[in-house]
Amino acid sequence: MSTLHTVNKSPFERSNLQACLGHAQNGDSVLLIEDAVFAAIAGNTFAPKLADAAQDIKLFVLGPDLKARGMDPAKVVDGVNIIDYEGFVDLAAASSTIHSWL
Amino acid sequence: MEDDFEAGTVKKFMFVNRKPPYGTVYALEVLEMVLISAAFDQDVHIAFLDDGIYQIKKGQDTKDLGMKNFSPTYRALEGYDIEKLFVERECLEERGLSEDDLLVPVEVISRAEMGKLMAEMDVVLTA
Amino acid sequence: MKFGILVNEGPYNHQASDSAYRFAKAAIDKGHEIFRVFFYYDGVLNATAHSEPPSDDRNVIKNWQKLAADHKVDLVVCVAAGLRRGIVEASLAPGFRISGLGQLIEAGIQADRMITFGD
Amino acid sequence: MKFGILVNEGPYNHQASDSAYRFAKAAIDKGHEIFRVFFYYDGVLNATAHSEPPSDDRNVIKNWQKLAADHKVDLVVCVAAGLRRGIVEASLAPGFRISGLGQLIEAGIQADRMITFGD
Amino acid sequence: MEDDFEAGTVKKFMFVNRKPPYGTVYALEVLEMVLISAAFDQDVHIAFLDDGIYQIKKGQDTKDLGMKNFSPTYRALEGYDIEKLFVERECLEERGLSEDDLLVPVEVISRAEMGKLMAEMDVVLTA
Amino acid sequence: MSTLHTVNKSPFERSNLQACLGHAQNGDSVLLIEDAVFAAIAGNTFAPKLADAAQDIKLFVLGPDLKARGMDPAKVVDGVNIIDYEGFVDLAAASSTIHSWL
């Protein structure tokens, strides 16, 4: 079974998204919530790392957190799926372990 | 405490915003501080750099989170004569944003200019 | 499925408690059970009886209390972390209970999934 | 010289309050005056009346209270930030007073130097 | 609540430490959590990575800060049969530290190995 | 007059030391306190940036915070001065403004 990793901080301010991507296994899921959603917007300097990661890892971003911050869903990096809290629960239930990178 | 008070004292204040809204409360509570400062007739500057520039991103909608969307308040600052808003160009670029993405008029300056501006301040408040 | 939830931060200063609440609510709406919500570190501050947020904002403490009342969710505050930070029986909001850290480990053992929300 | 101090974080979870206290104490020892210590954001939690830390650790709240008693330091808690977080008159430790944010701006104007401690 | 309880349930727990001591309380309160977990006969792992490795740096002396030096407690973990301590090699190197700088015996593993180990856990607790 | 900048977080986890160094002016002072003291130890990957900065900026580290964390004062990067809380107060008094990078 796979792990769901959650990350909640901007990659411009903290290292935890980088740390998460450095440890997630092929087939794992990474969900960006709260201030981590900024990473998912195309055109930012971290986006290429996320696009790279999308080849081995399933990437998700929490829609309500994107919307609150005025981030355009149309500009989300290719390969990143937008989900709501119900999708978050489904992901958590479908993964054997949940690792919150704090 | 009152003995040193000069009624006409005007200091250069800067409120430095480096954190995004909603993930933490700092952006909101700094804004409350800025509004209060208007009553003191000081020379108020607001700097947005690093993730702080997300505070004034257009299109914020917090309905689904049940949190208060306080971004319209930045538009009200002008009514309080708080008009010196500065945004660091390099931080916009790093995030793939441009001046058009911002919901209030600001002066976009370089990192070097921001450093010089900060050096002119008397009081710098950060969160 | 049974979820255990750990909340590491207090109300308002961080979104962690809001995120945990919305996750718990969505899980219940989908028919899952919340085995326990454990409040540790500054998370214990979610149980203060004295919070009075502005009327145009959400009430984080009341959200938790209503969830507990409507769905019998077990809201547990760590006694040791609470003592450091001034969350004791005298300052505890109804709907929360104070207990030991063992309740967190037990949740980890008994819940099918354990999820943490923090800073 | 007159110093104003802003404390942004609560006790124990972050070192900010400890650092601010040690700075204030050193300033007083060197003959400076602390015009005011203002507690904002989670900093208001330093004023809780209910904190009971383990006996083998420092007592952050008592440190501030003693400083206030010994040197007449003005410890001011922001009313609005306190209401959100449950620091109100009923939960306020002696030695602190609750007032408005204007007290912080006034400190910025009247103190020769303003310094912030946070996360 | 007791109906699903199996007396013999043993899960793989991991406490992940990424934060340094004293600047925040997380290191201390995670350690309190680890100590309690010993009473539940679970398969306990402790991971130190990123700035978390500073938690077990030798020579900590908090006297001048008036804070409690809790680092000796890591040495006591063995007495609670908590002996699976892992440190990530790359994090040591990035900080100019080596295994000799650590106050308890640990297994130093690579980032790749740490990722694989994390993937085997049932419960991961972080702060 | 010059500014005293204080930084309290590790450069491995947060960007605020980098942000501070990017804005400090020639002749300013930068004081590392709390978890920022790790930056000052020779041999870490951030140390070269600090050594560079030391050419234009006066660098200080708070001794009690170093000691608490078991960091050897003998290993502090060249050009970084160790001070105690009294030295901190002196620096603050000698600077016209204090900027805490949070």
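Points worth noting:
Residue numbering begins at 1 within each chain, and the chains themselves are lettered A, B, C, D, E and F in the order written.
Just so it is clear, a contact is a pair of C-beta atoms (placed from the backbone, for glycine too) under 8 Å apart; a residue touches a chain by one contact, two chains touch by 3 or more.
Computed from a prediction, not measured in an experiment: that's the story for all the values here.
Steps from subunit A to subunit E, taking the shortest chain of touch contacts, total 1. Counting hops only between chains that touch, subunit A reaches subunit D in a minimum of 2.
Of all chains in the assembly, those touching subunit E and also subunit F are A, D. Where subunit A touches subunit F, the two copies mostly use the same residue numbers: shared numbers make up over half of all numbers in play. In this assembly, A is the chain whose CA centroid lies farthest from the centroid of subunit D. The chain with its CA mean position farthest from that of subunit C is F.
Chain centres here are Cα averages; for subunit B and subunit C they lie 33 Å apart. Each chain gets one centre point, the mean of its Cα atoms, and the points for subunit B and subunit E are 40 Å apart. Per-chain Cα centroids separate subunit C from subunit F by 38 Å.
Across the assembly, subunit A contributes residues 8, 12-13, 15-16, 34-35, 64, 84, 97-98, 100, 102 that each touch 2 or more other chains.
The residues of subunit B that reach two or more other chains are 18, 22-25, 50, 65, 67, 123-124, 126-127, listed in rising order. Residue positions of subunit D touching 2 or more other chains: 8, 12-13, 15, 22, 41, 54, 80, 84, 114, 116, 118-119.
According to the touch criterion at the top of this document, the contacting chain pairs are A-B, A-C, A-E, A-F, B-C, B-D, B-F, C-D, C-E, D-E, D-F, E-F.
Of all residues in subunit A, only 6, 8, 33-35, 64, 84-86, 88-90, 92-93, 95, 97-98, 100, 102 touch subunit C in the complex they form. Looking at the complex, you find that subunit D touches subunit F at residues 1, 3, 8, 15-16, 19, 22-23, 25-27, 29-30, 32, 112-119. The part of subunit E that touches subunit C in the complex is made up of residues 1, 4-5, 9, 11, 13, 25-26, 29, 32-33, 36-37, 39-40, 42, 123-127. Chain contact summary for the complex, subunit A toward subunit F: residues 12-16. Contacts from subunit E toward subunit F in the complex involve residues 18-24, 50-51, 54, 57-65, 67, 69, 71, 94-96.
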